[in-house]
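In structure tokens below, several structures.
Two complexes are shown next, each including subunit A; its partner changes from subunit B in the first to subunit C in the second.
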Partner chain A sequence: MSSTERRAIAPYLFFLPALVLFLTFSVYPFYLLTHTSLFEWDGISLAKSFVGFSNYWNVLAHDPVFWTSFSQAGYITLLALTLQNALALLLAIAVNRRLAGGTFYRTVFFLPPILSEIVVGLVWFWIYDGNFGILNEALTHLGLSDFARAWLADRNTALTAVAIIHMWKGFGWGFVIFLAGLQTIPEQLYEAARVDGAGAWLRFRHITLPLLVPVCVVVSILTILGTMQIFALIIATTGGGPGYHTEVPITRIFHSMLGTSRFGYACAQGIVFGLILLVFSLVQMRFQRRAV
Partner chain B sequence: MTGTVVIALQRLRQQAAQSAWHLVCLPVAATCLFPLVWMVSSSLKTQRTVFTDYSLIPAVPHVENYARAWTQGRFGLYFLNSLGYTALIVTGVVACSALAAYAFSRFTFRGSGFFYKLLLSTMLIPIPGAFVALYILLNQMGLIDQGSGHWLARVGYILPQINGGLAFGIFILKPFFDGIPKELEESAEVDGCGVLGVFCHIMLPLAKPALGVVALLTSLAAWNEFLLAYLVFSRHELMPLQRGLLAFHGAHLTEYPLLMAGMVISILPIVAIYLVMQRTIIQGITAGAVKG
Partner chain C sequence: MKASRRFLALFGSALMVGAAGCGKPAALAAQPLRVWHWMTDREAAFDELAKRYQQETGTRVRFELYAPSDIYVQKVRAAAQTDGLPEVYGVLGELRDLASFINAGHVLPLEAAMSANGNAWRSIFFPKALEVNTFARENPYGVAPGIYGVPLDVMNVQLFYNKPLLAKLGFDPNQPPDTWEAFLDAGRRAAAERLIGFVSGWAELWLIDCFATDYAIHEMGVKKVEATYRGKVPYTDPDWVRVLGRFAELRDSGMLAEGIVTIGNKRAEQLFANGQALFTFNGTWGVNVYQSMNPDLEYGVVMPPRTDPKRPMVTWGGAGSSFFVNAKSPRRDEAIAFLTWLTAEPQQRYLTEATQNIPANRAAAADLPGPLAAFADDMDQTVHPRLFSVQEESTVIEAFDKGIQSILIGEQTPEEVAARVQQTKQHEARQRAARAARQEQGHVVD
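== the complex of A and B ==
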């Protein structure tokens, strides 16, 4: 083979391993997903029966638990978007002011994000435990034993308790992204504003916030996508209980697939859910373009 | 006279502002660290003292818990499994994405633009039902752990994760290759180096920093992976740490000292790597977010 021929096929050979993996584990499953969603199938038997869009119709119209799970993930997402990201921004602003110990804070705030959801979930499972939990122990010591309860098993507190774990684990992500965003804002802007007599609030309102809009949008999208698809943390803490009170879309899809062996239905649930998430991120990207 | 008073007042104000920011940051840092400290502390207590002794530094540290967790708790097994999976996944991702990124960077071949965009879009477009299709596919290929084929399930666990890391790897590596001047390769080719030789002896060594970022972030993701492990494995011999922790917790609900020892074992490598390489890790994570 001549060297020019070799040069001609080289790029294909370089790309081949990635292409084979990508076609097998991304493209083909995507086809499988849409194809299977049109069938009634238990995942084992050779016979699948074609049911058209009835799986989709059942997701949309006859699955209140799925939509409950959706709104519960939405509740956690709403808390994460507001409380978690506000905290992340506040801490990023603090560390960005060349605060003494800034490196220490940065190291510590990003510790929870590098831990797995299972580890985080199991530690907090114990903190929240009704009988042996240290949260109840602390409350008792403070004379607040009336408030002690099995936080993750109580239908009134379980979802919020899970949301708190999720936010504890997640705020460090927003923090480092906000911090990187803040560091791209040139110091001269602040100096010029200071010379013009702008106070701290005005500088924040008219320099920091507008320049941070793109970063805010990115953080919001990541927060929404990450939180709506919460799964391992639920498995490690409540498993969706008590009752359906901490079920989220991914646990429902899992249940359809391996709990009740309705593979086609699980695929339809996944697609409906994915489309909703896609719409959310597209709307936000639109919003970003308009704001800039 | 008034000048010094003004300066002293300014300094006082600055110090007050610093203290105020510390007042915000310190409690948050404490809540980040406490669960970890609690984990280590409890891992050194006995089954009898763990629910009554709330001291952070136990009077008699029971280090033997770690030996018991390693053998009886099977965390040694899970640890070695995680180590093997992570090593293979990182090798696969780095190799395949470096080859593909080089092809995308240096050659325009049929479909290169299309596949590049398609690959990167998988980082943005959520497909929450993908795991259902992946399960069906792995099942068809006999790569799910169902009593037969001991090592096949390991393959079923590794390959999808190599695919999963490709987009990020190419996203980081292609711009890096773009930035390396072409003259280097041309002169090497004049010296009789083939395309593969140029790639291995010139490009890869130059790309070490970027390859390091990909390897680091891929290893964190692989070490903490749970969902696929939950789908694929049912036998303890095959499980990685995250799956093993959940299995242990399910079987020994309140054996907290051993569970905590297992968790410390599971987080030790990533916390160590994080503390040494945190700058690289955080840069890699924020690179996409702030640029995009």
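== the complex of A and C ==
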């Protein structure tokens, strides 16, 4: 082999390990997932029955619970996108003003995201408990016992109660990313605006917000992907109940796979779910690129 | 450069030695016999038995316990898919799940071992305990007939009641309510006293299903239940609506713990053990759980109350946990030897004392203490869906159990739930027909 040929091959050799890893741990599992989705299989039997696109048809046309779970995950995502991220941004702005104890707040706000979802779920389960929960006790002491209820078992409050736990646990991520974004904005811009007589709101609207748009895109995408895939928190608090009121797509996929032993069907649900998330992300990136 | 070559040579030699060693029977025998189970409350007793077995035979056994049970189910399934099952393990789930494990070659048939020496091993067990691990000659799963599992204990699920609370409400603590109306009445009185009348882990669908199955069989008999599973009787039949209606009556009585549909069994056990609930619906294992949580708890055990005094009451049970031998393990004979030892009378007696469960070995169950005796007395009145001649589709079971949750939270009426379950049943029937057609056309691959 001539030196020219060796030089031509060399770059490919460098990315070969990465390619092998990518093929092994991403492409091949995806192929297996797609392949399994075309079969009826209980996950144990040696024989699989080929069903073509029947699993997909059943997901799309005969599984209203799966689509309900989608809208429920969408509701939690909507709350997270708005309330959770607004709170994260507000706190990031506050901490960025170099308040006394800024490091302390930074640490405290970042604590919930590093806690295990199962632990967080169990702690909040005790708070929300309908029999001896802290929240109900507090309401009773405040003379608001009429509002006391089993928050996670009431169909009117269960989903929102779970969403609140999710937001409490998740706002720290947005906070850290927003804070990093805020620290990249040159201070001179604010000084110039101040000299020109711009108040706090105008500075926020015309400097902070436009320069934070790329950060907002990242935070929004992470929020959507993270929230739509909420799972452990649901398992630790409601298990998808009462009835189907806190079911989300991943709990349905999990249930199809291990609750009712329909691996092929679960794979089809997983692919449909993945495709929808992909479309969401692409659309959002396009819109926000336009905004930038 | 030299150093790295030396390192590579050493690493390569180590790999070769390791690979060669892996295949040697001597190395295999040095490994402990692994046993997987899900009941972590038995850990100390299992470890003690493993120690005794090693002392007696020289064979090391390691119990690996994984809880909760749904996590255990995942672990066993994942291990089966990668041929990573231990020598001995338990299979949780419906009969069709066990059949899948057997058909995939993960479970060793035990008929020969059980029948050897004039049925010596088989004869030590309660027949009901063996039945759930036995496939009949014409089973719908294509499993070769015979025994596949070794029962460790037997169980049933009954109503536990708190004696002091019952007395406080004006009832004789030794005469718990035995009719549905008296049961509801006690629950109403408990609610009026701001006590929890009834708690159970009804966030876990299987426990709801136990309760519903008890009443379905009580109110309409096994034959009609099986006819429903076969599709001959719709879920909208008045008997089924009446069974679902029992949950509406429970809800309306005000006796249910707040948020019962999101309370897991562990939490329910805590509430009862702490003396905060009058009744709970729980299994034999509860005796050990309450003993460890509150040794001073005064309680009794009774069959679920009858809704019709003329019909016999049944309760879900018969089988406790069972062990299966991994057919793909080269140490099958060692596994059988261990299970034979484990189910012998001395070991079963020890397990009963240490874990407060009813042993599968009849001789060891001869003189059980306190509440366990009540459970053992009612073993003849147990039913187990695994023993039905036909099994319901898992999606229909889910629709039924989730529907009951909807009734309990006041979202749907029994009639609405029955209609929805029937809809799921019809969809599944169409799916089953399509499946049969595919099988006829040979669209099945290995």
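The working rule: the second predicted complex is superposed on the first by the 266 of 292 C-alpha atoms of A that agree within 3 Å, B and C clash if a C-alpha of one lies under 4 Å from a C-alpha of the other, contacts with A are read in each partner's own complex, and residues count from 1 in each chain.
To be clear about the criterion, contacts are C-beta pairs under 8 Å (C-beta built on N, C-alpha and C of every residue); 3 or more make two chains touch, one makes a residue touch a chain.
Bear in mind the structure is a predicted one, so any value in this text is a computation, not a measurement.
Student: Superpose on subunit A as described above, then tell me if subunit B and subunit C fit or clash.
Tutor: Subunit B and subunit C clash in the superposed model.
Student: If you stack the two complexes on chain A, which partner ends up touching A:L115: first (subunit B), second (subunit C), both, or neither?
Tutor: Touch status of A:L115: first partner only.
Student: A:F287 contacts which: subunit B (first), subunit C (second), both, neither?
Tutor: Neither partner.
Student: Could you figure out whether subunit B or subunit C reaches more residues of subunit A?
Tutor: B
Student: Quick one: classify A:V95 as touching subunit B (first), subunit C (second), both or neither.
Tutor: In the superposed model, A:V95 contacts subunit B only, not subunit C.
Student: Given the touch rule stated above, what does A:G43 touch, subunit B (first), subunit C (second), both, or neither?
Tutor: A:G43: touches subunit B and subunit C.
Student: Contacts for A:A10 in the overlay, against subunit B (first) and subunit C (second): which applies, first, second, both or neither?
Tutor: first
Student: Report for A:I177: first if it touches subunit B alone, second if subunit C alone, otherwise both or neither.
Tutor: first
Student: Check whether A:Y244 is in contact with subunit B, with subunit C, with both or with neither, and answer first, second, both or neither.
Tutor: Touch status of A:Y244: second partner only.
Student: With the two complexes superposed on chain A, say which partner A:D154 touches: subunit B (first), subunit C (second), both, or neither.
Tutor: Second partner only.
Student: Of the stretches 74-82, 182-190 or 254-262, which one in subunit C hits subunit B?
Tutor: 74-82
Student: Touching subunit B and also subunit C: which subunit A residues?
Tutor: Residues common to the subunit A contacts of subunit C and of subunit B are 43, 125, 132, listed in rising order.
Student: Contact residues on subunit B for subunit A in the complex?
Tutor: Per the touch definition, subunit B meets subunit A at residues 18, 21-22, 24-25, 28-29, 31-33, 35-36, 38-39, 51, 54, 95-97, 99-100, 102-104, 106-107, 109, 112, 115, 119, 122, 124-137, 139, 159-160, 162-164, 166, 170, 194-196, 199, 220, 223-224, 226-227, 230, 242, 245-246, 249, 254, 256, 259, 263, 266-267, 270-271, 274-275, 278, 281-282, 285-286, 289-290, 292.
Student: Along subunit A, where are the residues that touch subunit B in the complex?
Tutor: 3, 6-7, 10-12, 14-15, 17-19, 21-22, 24-26, 28-30, 32-33, 36, 43, 87, 90-91, 94-95, 97, 99-101, 104-112, 114-120, 122-127, 132, 134, 137, 168, 172-173, 176-177, 179-181, 184, 215, 218-219, 222, 225, 228-229, 231-232, 235-236, 249-250, 253, 257, 263, 266-267, 269-271, 273-274, 277-278, 281
Student: Touching residues of subunit A toward subunit C in the complex: what are they?
Tutor: Contacts found on subunit A: 39-40, 42-51, 54, 58, 62, 125, 129-132, 149-155, 158, 237-239, 241-244, 255, 258-262.
Student: Residues of subunit C touching subunit A in their complex?
Tutor: Touching subunit A: residues 70, 73-74, 77, 80-81, 93, 96-97, 100-101, 103-106, 196, 203-204, 257-264, 271, 276, 394-395, 398, 402-403, 405-406, 408-409, 411-412, 427, 431, 434-435, 438-439, 443-446 of subunit C.
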